[in-house]
Amino acid sequence: MYVLYKQAFKFNHLNAMGSFNNLSAVFVNCTLKKSPQKSHTERLMRVAQQIMHKEGVRLDLIRLVDHKVPPGVFPDMTEKGWEEDEWPTLFERIIKADILVIGSPIWLGQKSSVAQKLIERLYAMSDKTNEKGQYIYYGKVGGCIITGNEDGVKHCGMSILYSLQHLGYVIPPQADAGWLGEIGPGPSYGDTEWEGKKLDKPVGFDHEFTNRNTTFMAYNVMHLAEILKQIGGLPAYGNSRDQWEDGKRWGFQKPQTS
Amino acid sequence: MYVLYKQAFKFNHLNAMGSFNNLSAVFVNCTLKKSPQKSHTERLMRVAQQIMHKEGVRLDLIRLVDHKVPPGVFPDMTEKGWEEDEWPTLFERIIKADILVIGSPIWLGQKSSVAQKLIERLYAMSDKTNEKGQYIYYGKVGGCIITGNEDGVKHCGMSILYSLQHLGYVIPPQADAGWLGEIGPGPSYGDTEWEGKKLDKPVGFDHEFTNRNTTFMAYNVMHLAEILKQIGGLPAYGNSRDQWEDGKRWGFQKPQTS
Amino acid sequence: MYVLYKQAFKFNHLNAMGSFNNLSAVFVNCTLKKSPQKSHTERLMRVAQQIMHKEGVRLDLIRLVDHKVPPGVFPDMTEKGWEEDEWPTLFERIIKADILVIGSPIWLGQKSSVAQKLIERLYAMSDKTNEKGQYIYYGKVGGCIITGNEDGVKHCGMSILYSLQHLGYVIPPQADAGWLGEIGPGPSYGDTEWEGKKLDKPVGFDHEFTNRNTTFMAYNVMHLAEILKQIGGLPAYGNSRDQWEDGKRWGFQKPQTS
Amino acid sequence: MYVLYKQAFKFNHLNAMGSFNNLSAVFVNCTLKKSPQKSHTERLMRVAQQIMHKEGVRLDLIRLVDHKVPPGVFPDMTEKGWEEDEWPTLFERIIKADILVIGSPIWLGQKSSVAQKLIERLYAMSDKTNEKGQYIYYGKVGGCIITGNEDGVKHCGMSILYSLQHLGYVIPPQADAGWLGEIGPGPSYGDTEWEGKKLDKPVGFDHEFTNRNTTFMAYNVMHLAEILKQIGGLPAYGNSRDQWEDGKRWGFQKPQTS
């Protein structure tokens, strides 16, 4: 019998008393709007952040469009003809967090171009491995928050969560939360007026479904991150790229020709 | 401070010595082909199954198309005018497994109609909650295996994994594995001839990338399932639907109007 | 100069006086509900049908789930172990219509399993060519109508329209129409009560955006179908599969190696 | 009977003798690579361009990443805090062409961030209407070319073609062409070496399926553009936004409450 978890589970009963104050989370808002313009998506992201803050999680927030980050699939695009690239610094903030929550608006039913750029740049770092020889994002947890005025939370969630798991993030249950109005033009999350008319309250703030899903998303990313933290990340047995390249195959057997 | 994990982590050092022999997994093959026709997707599913078998996981395999399962979003479609419905029995096999791996072929770049039917029927049960008041699929782990002759592993994976996490499954890193040939018509996974010509070996069996990803997928669903099993499923703090409906809000606060 | 349209444009000024009464359209409703259960999607499909009816288009409506149509990618699945297959008859009704409008509900953000089955069966016929040697669906026009209670019109539209163009249908502008309510559980299109409460009018019937898009969709499929009808389908210069297989390449030149 | 096509069909028999030399096409390459780096996607786009050139179509090519175009959904982003925006000039080049072909690489199974940015900026202009009161893109024709090394042509095509039809472009049959290698890392379209090894010929250049689909795509966008040109664009009966806003409803009737 191989010893898999024995060392991995450095189970700290004190730390496990319930608080999440050993965790950190980075929220990356992929709005198309530069600061200080108001981002509807950020309003809902703040609801999740407030929960995490209350639970002791250290928070970071990046509005990607405020930074000079060229598109591309290399770690540093200044080596490919771009004058500036803040990605290396932003990547440090992202990779040190236990949790990554991507926020995106919806345009034509799809996540924003800024969200796709983020995924491309995250992917650009996927050559790296952690100290166990796993892909660099292993042991971390991802979620997303999507807002739009009419359609596409699930489609955008699908695309973002898929990318995150493909990179190595764990996706907890119900890791996508969002808000949408009825089909057609309409106010966006948090708007207090629409077509010149004052609304009696900010749109979506009282929405039971959105509030519940945002809460569940927030707790589920915390739970998984806490669990992985306590056991020292995902055990490397069977998923170490470095070891695979060295010829290790664990229980894998080639399918038989017959 | 609330006590979160203290009881949850009934950490059993002996059980954690590395074997996965307390786990069970159900593979649902969503091929369009009835038995005994050969399913390309099933060939690759068996590679993952063989790994799990070696690690002691109890395995079950359902070829959905072999069963009389009508489409629909109700637990038992005989109540909606269908003569037969084997779903209730199949659901028992699925819900008792710690791991669900969905296999699907690709048609026009999409998962099969049988895979979508499976998701609809799984969704039909999502009113149910577990003993913690969480959605019924909480605490379980999902993955997928996709094969096609030319295009769509990621797109199908996206759709299946999204659905699984939405229902309550945890999605581990790199939970999608598959095989694809070059664009255009061509042999499918495991084929030994194409257009009347004998091939020197079954297509894809030696494919390093497919074999590695299948291995990683298999181990990652086992790891997450084992971890969740050891800690008694996902802690219910912050994600119990029943408690939310009773008014419990944990750290959630309504966004402020100002 | 090759003569391309000279014969193709058998332009009939009388016929072109504005009526569409030489056209036929088949609507395939991919609801999961068997007749006589009410289909929300069918309610909106009927709005488009009423427009077409007024314009003189001959209409046919198929509710696919009412028919014994197995999944599969062969023209007749009784040759693959299924007892019954009504597809060959249904295909005749579909292929003789100038216009195909697919209706689908949304489940977990995706088109229904029945819609995917329809696409698989349509695809199964794509070996056939028309009298010009083009794929069998060339010269026809496609659109879709999607309803759900909260999310996914665009995503489902994307998938259905893509499949149709891939098969050979022309997709006119704004060929997708639909209705969605706010995010979360809620009434579906045409519902007159929700959670036991009577609503003052059927949901969505007055929705300006849905009504406009349904109207534009209906007219745009008619316009394109009428145009193609008048010119005898799509000219075959440059797109005949049969001619390509015979070695014809038109203006194509292999990319140069240098 | 209303008169629909009578004036619309200013059918010019001479012009219809077969040449497409009254047409113009703009190709927008959404590679992430700045010039003069080689774009694999552009190589395949040039195959389509060469066909169109031979048929007399005037061609324009934009590599979007070479231009200072911020993300956003406004016509000119310098009004929203960005220093420069070349979009207004680029839009002029796009809107005057009869045909728009979008090229995109694939990253994590999705179209590039640059392609999504293009769609956002095209969408930003959708308030505009043409002289018939239709959306500004009506009467034009769209297609796409996608390349990747392993997976995603259909998924990217789905997303791009959907967006184009939603904006008002007509999508002809089989309007997506592309190239993909086998799953996993590998050379991209046109590469002449891989992992340090010289290949005997550029990858994909001889690929029958890719060449055929690229040819069909090229001809089908030309055919539809030519047809629409000859009849003066899409007739406005039933699809004029301006007229709808003025209360015109054509054959539309509100669904009845009963």
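General remarks:
For clarity, chains are labelled A, B, C and D in written order, and residue numbers in each chain start from 1.
Just so it is clear, contacts are C-beta pairs under 8 Å (C-beta built on N, C-alpha and C of every residue); 3 or more make two chains touch, one makes a residue touch a chain.
Fair warning: this is a prediction, and the values are worked out from it, not measured in the lab.
Hopping across touching chains, the smallest step count from chain A to chain D is 1. Once chain B is left out of the assembly, the remaining chains are all still joined by touching in one piece. If you compare B-C with C-D, the chain pair joined by more contacting C-beta pairs is C-D.
Chain C and chain D have Cα centroids separated by 22 Å.
Centroid to centroid, with C-alpha atoms defining each point, chain B and chain D lie 37 Å apart. Computed centre separation for the pair chain B/chain C is 32 angstrom, with centres defined by C-alpha atoms. Shown for chain C are the residues that touch two or more other chains, namely 108-109, 154, 158-159, 162, 166.
Residues of chain D that touch chain C in their complex: 1-6, 9, 11, 13, 16-19, 43-44, 46-47, 50-52, 54-55, 135, 137-138, 154, 157-159, 161-162, 165-176, 190, 201-202, 205-206, 211-212, 214-216, 218-220, 222-224, 226-227, 231, 234-235, 237-239, 241, 244, 249-255, 257.
Chain contact summary for the complex, chain C toward chain A: residues 108-109, 150-155, 158, 178-185, 207-210.
Contacts from chain D toward chain A in the complex involve residues 32-34, 37, 65, 71-73, 80-82, 107-114, 116-117, 119-120, 123, 159, 162-163, 166.
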